[in-house]
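After this come two complexes, each holding subunit A, first together with subunit B and then together with subunit C.
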Partner chain A sequence: MFFRVVDKERLPDLIAGLSSDHEVIGPIEKDGRFVFAPISDPSQIRLDYDTTLLPPKKWLMPPEETMMHFNCADEEVTDDTVVASPRVLFGLHPCDINSLLLLDNVFLQGHVDPYYKARRDNTLIVGMSCTPSPTCFCNVWDTDEVHWGFDIFLTDLGDRYYASLRTVKGAEVLDRHVDSRAVTEKDTADFQQVVHEFKQGFSNNVDTAQLPVLLDAKFDSPVWDDFGSECLSCGACSMVCPTCYCFDVKDRLEVDQKSGARVRTWDSCQFKEFAAVAHGQNFREDRSSRLKYRYYHKYWGYLSKFERVLCVGCGRCTLACPSGISPVKVIEALQAGGSR
Partner chain B sequence: MAPRVVVVGLASDFGCQVQITNIEDHLLEMLDVIDLGYWQLASSGHMPAEYDIAVVEGAVTTLEHVELLKRLRKTASVVMTIGTCAHTGGIPALANRCDLDAAYSAVYGEGSDVARGRCAPGPVHSVIDVDYQVPGCPIDTDEFLAVLSKALQGLADPLPGDPMCAVCKTKENVCLLDRGEICLGLVTRTGCGAKCPSLGRPCTGCRGLAPDANFDAARKVLASKGFDPNELDRRFDLYNAVREGVR
Partner chain C sequence: MNDIRVDECACDGVGNAYRPWPARITSIQDLTEKEKLFELRLIDPEVREAFKFHAGQFAEISIFGVGEAPISISSAPSKQGFIELCVRNTGDVTGALHKKQCGDIVGLRGPLGRGFPFEQMKGNDILLVAGGLGIAPLKSLINHIHDERHEFGKVTIMYGAKNPGEVLFRHQFDMWKHREDFDLMLTVDESDDTWDGPVGVVTKLFDQVDVDPDCTYGAICGPPVMYKYVIEEMRKKNMDVDKIYMSFERRMKCGIGKCGHCGVGHQYACIDGPVFSYWEAMNLQEAI
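Coming up: the complex of A and B.
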């Protein structure tokens, strides 16, 4: 990794330059919140955003996508290949960049998901430093820092950005589109100061020590029923989660009764149907067991396979849950022992 | 030979039958795969004696409706309901919340001779078994075609059991409950793509109660957002005065 410094007023040059040969996706305002959406004018972008309604995964794995078309009359199947045009995800916070690395583990290892891969390979990542908000808890998973998984990362030093260049492509686009200069000792000192202040800004310092042990030891804790009784089983948490990757596959028949399409849509383990199998059996019939399963998968199941928890502490689920259930509350309740 | 389909209406505003006319893009295609034997809204003839699929709109409000439904069930191999009135009893079923005769008098005048053989308004499934349902007020044309396809193919088409919030999140709507509106999506069956919330209007529950919804928790959510928790039940009654047995 090496570094350059970009004056803040030059940033629109970078966005405009990237726009010449990429679709630039960045945070823009929507009804008082923010969404990752295509940017047509650099002034639309809101780099002061706290978080977005949906995470960046929607640009790699859309909520609904067609996988293949079929025709029963001709007995023909046509795979839908993703034609991914060059795209930039601009302004991603460290938690969201880390979330893509967790999705990569699932979609790019072993059985490679061609739809995800096509988009991932054509996506440039420009990260941006952030300010902790009251729902953030990335600090407890160390996902408040990111050291790979991006092309350029811009740390806001007030009047300028400390640009970390992680890839050759990142260095090339920066060099091509914007005036930058070499880093001085003062720049690095200021960077260290900004990072220091950032680390002090977190309000959630939930104790996650020995969490897998705690989960196994508290499998029958009343905590699960307490939260389960408040859970709406609505699946909002899964939809807004940057690391939830489950999907459902459905066939849709056209009116002609011959042709159709196979589509996949985001799914949630909080739906009752999720664990339903043949003969009407269901592994997780009641909502407490479904809620519990979500936590066991995120903080133990995925960890045991990929050595990371499947959570980046972005706080979106906390904001989206109508009942206000959050991982911080659940883990604190488990740490505390009995019921809340 | 294409399966013969009849479309009949009970107590409703016929809005769902009108929706079928709105399938302009696929109407002719649809007529290639079915033999449309009768369509109450658009036909001047009579219903044929034999048919394979009966599509029913509207709530049951008279004994005549009851007899008609029994005949449909006996004749057709498949019964499919369209719209909220047929699915949950809908708006007509609101009359269950008051004295039925008093309600008729209030609307049509004291002693008026309407709706002979009137009975407590209810959904179609309260009288006969139903194989396929297209919920909603009015129905979505694409969903109608999808369910019709399932019926033609003899494929099961269980309605989704979960509430509206998940799909609403995928539309990147800011939660209406956080914008000062009581949205019934918390407990309403998903499947419409959260159409109303996506247009900034709260869900009014026209697709019926999501079987997997947590009504108690939803009342608490309303209270936590500063609303009267009983408003959830009161507003949900609009399309869901009858809740028992609705699938």
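Coming up: the complex of A and C.
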């Protein structure tokens, strides 16, 4: 990887420069929390944000998207193109960049998902270092670091940024839009110091040893009923999760009833009808089995295919759950063996 | 950077995997009150040519404005150019399909999923057990075995239906009763005066067969409750856990491993299945 150093005062130049030919999405403040939103003025951006309400997946797989337009009379697809305009996701933390790598495994392997791919290919990623917050547990999955999946990564050294350039595109835009200089030994030493302090900042050190084994061995554990009885099946955990990708597909007819659109929307395995099939059968009728399935898939199902868990420890679900259920608590309960 | 359009990033030669292709209904046969057999022909010759499937795979049937439903392909892979689907009217898409006429067009996507290990089964005896609509995917396997009959040893088919009116493909099976190369056993839960065969659940038929566990492959498809009991019988005959195959029905939306609906244990029924060996199924939580 190549590195450059950018003075902090110069950063708005980069954002402004990128804005000339991209839609720039970055963290801004909204009602005391943060969201990823289009940036019209570089001063709006809040690079000191802790986490956003919704994860960046929103910009690669929108909550609702049209897959194709159709004509009912001859069952013909009239249009299945997706126009993915050039876009920058600015200021993504390592956990969120890692989440995109996990989504890539699903959408870009096997049958490629053309909608996701079009957006992914036309999105530039500028990462930003962060400070651990009380709900973060990225450290346990090693997703507090990221080494690919971005174009530029900026590590905050106080008065300047240590910029890692991963791609040609990233190097090009940095060169074009902002004054930067070569890295000195002092810069690298400061970088190491910042990283060292960052690593000390985590408060959750949950034991994830042999988690897949525990999930199978404790499939019938009362732990699941304990958490299940508190779960409201609201699906908030899935909506705010940067790695939950499940969707539903529906057809919508125009008023003429002759044409329409096939649309997909975010879905959640926590919703009761998610696994319902014909003849009133439902493979996960009760809440505890649905809650269990979500953990089972994240920490074992996905792992069995892609050798990583489907979680980056961002802590959004912990903040969103109205019943205070968190992966940290669930894993601790499983490790302890008993109920909470 | 320029805008990227989906059609430019169409991958592995199949284009958009979510896109259904128009297929014409070339024949419709009423099988029972609830089931019809549809024969479809993909209209685009290139797409038709590319549609090569294995017994046990399925297709997504699409009716625009209504939606999509996964349906097993019940014709044999050796039957070229046409695809048969045996469809029960249970809801939106299947209901709309049942209203279609011969000559009408529907959408089709596939073939999808992992079918039966046909090549691996060759050289062995075969014991097929179907319950109700479970005969649909097994019919593809049966017909494929029929087309390459010399490759197999003894072939036994056990098929149970609720009542004689619900026996699917009864006409074909009535003709097959007298064949020497297939041991066909039909049973119904409740009999009526059109029935002179055995009465009782399909597992009762196991008393009447000899199985050589060293060289017998099993294939099972039926309602979820059936699997446990059939497997019990097969295990009593000492059949190996990795020679018993079964097809699972789960809720499906995408059919290509993206939407997450078909999760069974740590696998997805749409891409890892729908056919699993019993050994695999034993390792899938909530599968049986």
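Observations on the model:
One rule holds in what follows: the second predicted complex is superposed on the first by the 336 of 340 C-alpha atoms of A that agree within 3 Å, B and C clash if a C-alpha of one lies under 4 Å from a C-alpha of the other, contacts with A are read in each partner's own complex, and residues count from 1 in each chain.
Assume a contact is a pair of C-beta atoms (placed from the backbone, for glycine too) under 8 Å apart; a residue touches a chain by one contact, two chains touch by 3 or more.
Bear in mind that the values here come from a model prediction, so they are computed numbers and not experimental data.
In the superposition on chain A, contact of A:Ala209 is made with neither subunit B nor subunit C.
Taking subunit A as the reference, the larger set of touched residues comes from C, when subunit B and subunit C are compared. Once chain A of one complex is fitted onto chain A of the other, the partner contacts of A:Lys272 are limited to subunit B, with no touch recorded for subunit C. Of the two partner chains, both subunit B and subunit C are touched by A:Leu253.
Of the two partner chains placed by superposition, only subunit B is touched by A:Ala320; subunit C is not. In the superposition on chain A, A:Lys30 makes contact with subunit B only, not with subunit C. In the superposition on chain A, contact is made by A:Cys234 with subunit B only, not with subunit C. Judged by the touch definition given at the top, the superposed model places A:Pro63 against subunit B, while subunit C stays out of reach. Of the two partner chains placed by the overlay, neither subunit B nor subunit C lies in contact with A:Val168.
In the superposition on the C-alpha atoms of chain A, the part of subunit A touched by subunit B in one complex and by subunit C in the other spans residues 253, 257. Listing the residues of subunit A that touch subunit B in their complex gives 30-33, 35, 53-54, 58, 63-64, 229-236, 238-240, 252-257, 266, 268, 270-273, 287, 320, 322-324. Residues 1-7, 9-12, 14, 16-20, 22, 62-68, 88, 90-91, 105-107, 223-224, 249-251, 253-254, 256-261, 263-267, 271, 285-286 of subunit C are the ones touching subunit A in the complex. On the subunit B side of its complex with subunit A, the touching residues are 26, 29-30, 32-33, 145-146, 149-150, 152-153, 160-170, 172-175, 177, 179, 186-187, 212-214, 216-218, 220-221, 224. Contact residues on subunit A toward subunit C in their complex (touch as defined above): 21-22, 67-68, 70-72, 74-77, 80-86, 106-107, 110-115, 117-118, 121-122, 216, 219, 245-251, 253, 257, 260, 262, 264, 267, 269, 274-279, 281, 283-284, 289, 293, 296-297, 300-301, 304.
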